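In this document, chain identifiers A, B, C and D correspond to the written order of the chains, with residue numbering beginning at 1 in each.
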Amino acid sequence: MRIGVVGASGYTGSELVRLLAHHPGGLEVAMVTSRSQAGTPLADLWPNLRGYTDLVLEPYEVAVLRERVETVVLAVPHKVAQEYVPELLEAGLRVVDFSADYRLHNAQTYEQWYHTPHTSPHLLQEAVYGLPERYRERIRTARLVANPGCNATSAILGALPLVENRIVDPTSLIADTKTGISGAGPRAEVRYLYATREANVVAYNIAVHRHTPEIEQELQAVTDEPVRVSFTPHLVPMSRGILTTIYADLKSPWRTEEVLELYRLRYKDEPFVHVLGAGQYAETKAVLGSNNVHISLAVDERVQRVIVTCVLDNLVKGAAGAVVQNLNLMAGLDETAGLRFPGLMP
Amino acid sequence: MRIGVVGASGYTGSELVRLLAHHPGGLEVAMVTSRSQAGTPLADLWPNLRGYTDLVLEPYEVAVLRERVETVVLAVPHKVAQEYVPELLEAGLRVVDFSADYRLHNAQTYEQWYHTPHTSPHLLQEAVYGLPERYRERIRTARLVANPGCNATSAILGALPLVENRIVDPTSLIADTKTGISGAGPRAEVRYLYATREANVVAYNIAVHRHTPEIEQELQAVTDEPVRVSFTPHLVPMSRGILTTIYADLKSPWRTEEVLELYRLRYKDEPFVHVLGAGQYAETKAVLGSNNVHISLAVDERVQRVIVTCVLDNLVKGAAGAVVQNLNLMAGLDETAGLRFPGLMP
Amino acid sequence: MRIGVVGASGYTGSELVRLLAHHPGGLEVAMVTSRSQAGTPLADLWPNLRGYTDLVLEPYEVAVLRERVETVVLAVPHKVAQEYVPELLEAGLRVVDFSADYRLHNAQTYEQWYHTPHTSPHLLQEAVYGLPERYRERIRTARLVANPGCNATSAILGALPLVENRIVDPTSLIADTKTGISGAGPRAEVRYLYATREANVVAYNIAVHRHTPEIEQELQAVTDEPVRVSFTPHLVPMSRGILTTIYADLKSPWRTEEVLELYRLRYKDEPFVHVLGAGQYAETKAVLGSNNVHISLAVDERVQRVIVTCVLDNLVKGAAGAVVQNLNLMAGLDETAGLRFPGLMP
Amino acid sequence: MRIGVVGASGYTGSELVRLLAHHPGGLEVAMVTSRSQAGTPLADLWPNLRGYTDLVLEPYEVAVLRERVETVVLAVPHKVAQEYVPELLEAGLRVVDFSADYRLHNAQTYEQWYHTPHTSPHLLQEAVYGLPERYRERIRTARLVANPGCNATSAILGALPLVENRIVDPTSLIADTKTGISGAGPRAEVRYLYATREANVVAYNIAVHRHTPEIEQELQAVTDEPVRVSFTPHLVPMSRGILTTIYADLKSPWRTEEVLELYRLRYKDEPFVHVLGAGQYAETKAVLGSNNVHISLAVDERVQRVIVTCVLDNLVKGAAGAVVQNLNLMAGLDETAGLRFPGLMP
């Protein structure tokens, strides 16, 4: 399957090319585009790719993409994605969209959180939320896959067994996320400078972060009880990685080992989700650069609350790795092809 | 007031000497002791103190301390503090204890969380919890001050106005702490190595961290409603700093600005506690190296929950700075003497 | 002495305000200006200054400065400084200039390295290079002080005793500098982002860095042998700090202890320069946030070469601390006033 | 080829297992040993390997190794390696040694730098220095390969074309290395703690670092002019990565582009060595986690000196990646098998 990456100058585009350099075959990046950097060899922007790719960034043109690729990965901001998706689908291309534009099924919810109208609401029902751990079969044949937000993936995978098994009050859910700075993309702003962020932790977008409705939508999809999530993101001084700590009130007494057993059952066939043993703690570095998710948990019996920690690499399982997983499914390949490498420690 | 620092080779001891190098007068470190490093000049261990102190680490001896100082600061682990405190008090010395041994009023609670008997429970009622924002007057005349835990200080100061004003359900309290690695002290263990902790976030001691009962004790002290706190500490890749995120369910609808007003009222006369405006976010680096506390908050009206973030430097306001503040009070000096410098940015 | 800071929104301006918050008296920042941020309270840009200053950034106007201050600190880029300095001097103000515009005595050298003409070459001879360790007496009465570059200060102080004592071939000098990212100022560029610089070391401006002619000028000033320096700066992943490693070929066999003795003699009356003992190594963190300089060295007898390492905080001794030292001298105060605090470890 | 890793609990052992998890086939880790951790599953020590290996650390026993593997990789300290190597060879096993014990051909040089006698000097001539860029053919059939030191690899590859082409004075060579903390191994010492090393740069072992004689030996091997190297290592705050800056006096005027051409010629068939263009600067992060080497250089015509920067990942090309490269050669496989992935940016 030949792939075009639109908006390939950023972190997710270059990460996708990095990951496909590992790929054993069946997926090939045949074209990369960028509005601002057209004409620049990708390896000049990303020196880690020197020797791995001769791709040169080109302008975005549907006609050229149609000729040269079957599937387009959109690595552009929300709102821009809405401009491109309809014409790409119309041109007969399949699309995987990194942006938030097609993640929410409800256009009103979209407009409420993103403060902008949705211009192709008819596609919201067709779009498949690109979380293979939930929608593997639908992804295989999808025309339009909406890749999940990185924070959302960690919150959803971390909380899913609690909600599916109805052992917690789903209005009590709290997701406290610690995220690496690369989550902001290569945005040249003072607040993302090294000197600003070294030795610095800060919360941001409290109560208004746009990954909240995704998390609620996907957890609501597995229960008929009402779901409400407080999602609080924090920047921590590291480039990559997310650790989400999830708090939920247990409806009745459960022990750590019993809850762990529910997680093991839920994820036993999932190639990338690893449930740690009691007393072990998931750490972000164990999955650095990899597509793996590690989950650990403990029940605080004193207050009858379960506390889950879920880690992943925001640029891999939280972004480009999930795209490769989805592309593998869409191309009829082994879902894990090109993604079976461990994280980088130390 | 002449001061002896017992166990001065670690972070808190050296930080105390660093801070007193700023001090305008009235407090003087006259003796430093260390079991393992006796004979070593303090500035050989801590090259930042080169040119600031000629102190040489000496063995611990009560008789010598009694001759040379009026007040002893204990920077030794819990259990060891219990061995020293009774004999130091008996020798007529006043004591500020960095350890947890005299923070809890109830010996049974101590034994339950620290898994060791308390050998001087009679002193627990006399000891004053060294948080000037609560016990300023008692500290002035105290014989024994128990300096709070660094995480506890941030959780207590962050949650106090919520509980005092009875606007939240005090059984719903969650404190999710992000702490710098220096919180562990200079312990030579693989898990605290640079290569282990770079780009790595991990939760630890979930549901069993020993700062929990301190936080509950001090919040319980301001209300007759039952208080329960889930306290979850996380290591984040930075040397110094703590950010605690507090979640609490509001009993009735409140708006961000209204809750902020309660905080401003509570802390308006506190020299080191700064309440930020709506839409501002407290960040650890703004208080790096200083005795300041910054607090920001937001109400998530959608879920009727208040989310507070409270930052401080774990080695200053969380340890040695609080000791200086307490020593100033005990010596009858201006409480802020030697502590009026800003944090280090960038 | 009332001081105006022009271009106060950047790192050096805010650092100056931070340092003067320590100052015991005699220096007062009475006005701060910024072209881009006029109207903004300084503490809104720099939250560490919250509670320390009510200063609001104002537009630059000579007439207003003349009314309200006696001395102006210029924290603007080179070329811009040239526009301001003549009119400020003409208005009867004294000036300390952070930029490179008046550091070089020779206008041709300036033009060769900065690729721009010098518009007030007549001031180059009057300007005093603001290194108190060399020009203390001239600084006291100077109208115009050119504050040294941060890298230059570390290279000059590190090499000075070698050249003054003529024990090395001064054409063999190499200065290999490792600098924190704050050296670049708060420039919002991708190459200075946290995600770019974490775990990343890179050399830059090899053979063309503009601190080279300063270093050569100041070392040439103490010898009649020709001086040539290879200066190679590197960015290392830290916010603050410089370590410069200096290599020089010894003219004849010397031993480490003998060379150390020359350094101790040279710096014995310098309040901020500390020479370490044989076998000790200067480290940047020992001087973090302070005005101190630590120097260590070793002779490699096998190759008859001396290797010196010199550390300082680029924003303090390398910038705002040196300014305070110079302002103290200009105001007839104790040179060390407000600067006698140790570095921040750990 | 079945491989046994002796001393597999450290960084290099786990990194080797991580890399072989990428390997397409032909190399298999069949046994891992550890004196201190026997009985522990490797993935319990290294959570990134969870799901990738069931290997359990076993005691070291030659007889068992002989039965289960053909080749042993020794990841033990120098001196210990000397105890094992003779008996392993005698047992008919091939050996790749991570330690320094068999890198130097001359036992006296070894004893002078390592301050310990060599107990099997007869093997020093047989041992092949494991740098494929020099000894590819001899490695294929070697019984004993001495894997190079990480700093040495970067200095040798960075300087080789200069010395081979006789364009510099080989007594003027200086190698100034900036190394990540993982270079020290998982040694639980205060000086390697996160809180010690954050924001901290320091030189160490000036004039006495043990990689010096390796560098001299290998550069001496390509010229009959006498070679002398000043090697100065620095710790910089990052886990992985080495940047070596090499200074050398040119014998006659050369231009940057001409010297680059010599490098391109030298390395044109080397799969892992990339020579950057004029004006580009090698950065450590571009090769993070990969087996690649990036080299950039500039001539400082003003002082007739060439300045080269050479980067690699100390745990990959500087250690375990080089071992895989050597094992591929020894097993008759494609030298690049399992090593063809790019570095991790950002």
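The definition used in the following text is that a residue touches a chain if its C-beta (ideal position, glycine included) is under 8 Å from a C-beta of that chain, and two chains touch if they have at least 3 such contacts.
Remember, it's a predicted structure, so these values are computed and weren't measured experimentally.
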item: Farthest-lying chain, centroid of Cα atoms versus that of chain D; value: B
item: Equivalent interface to B-C, taken from A-B, A-D or C-D so that over half of the residue contact pairs match; value: A-D
item: Distance from the mean Cα position of chain B to that of chain A, given in whole angstrom; value: 38
item: Computed distance of Cα centres, chain C from chain A, in Å; value: 45
item: Of all residues in chain D, the ones touching two or more other chains; value: 11, 180, 182, 186, 193, 195-196, 198-199, 237-240, 283, 285, 288, 346
item: Chain A - residues contacting chain B, complex; value: 171, 174, 176, 178, 180, 193, 195-196, 198-204, 206-207, 228-230, 232, 234, 236-241, 243, 245, 247, 281-285, 288, 296, 298-303, 305, 307, 309, 311, 346
item: Chain C partner contacts - residues on chain A that touch it in the complex; value: 11, 180-182, 184, 186-190, 192-199, 237-240
item: Interfacial residue positions of chain B with respect to chain C in the complex; value: 11, 14, 18, 21-22, 46-52, 182, 186, 198-199, 239-240, 274, 276, 280, 283, 285-290, 292, 294, 315, 340-346
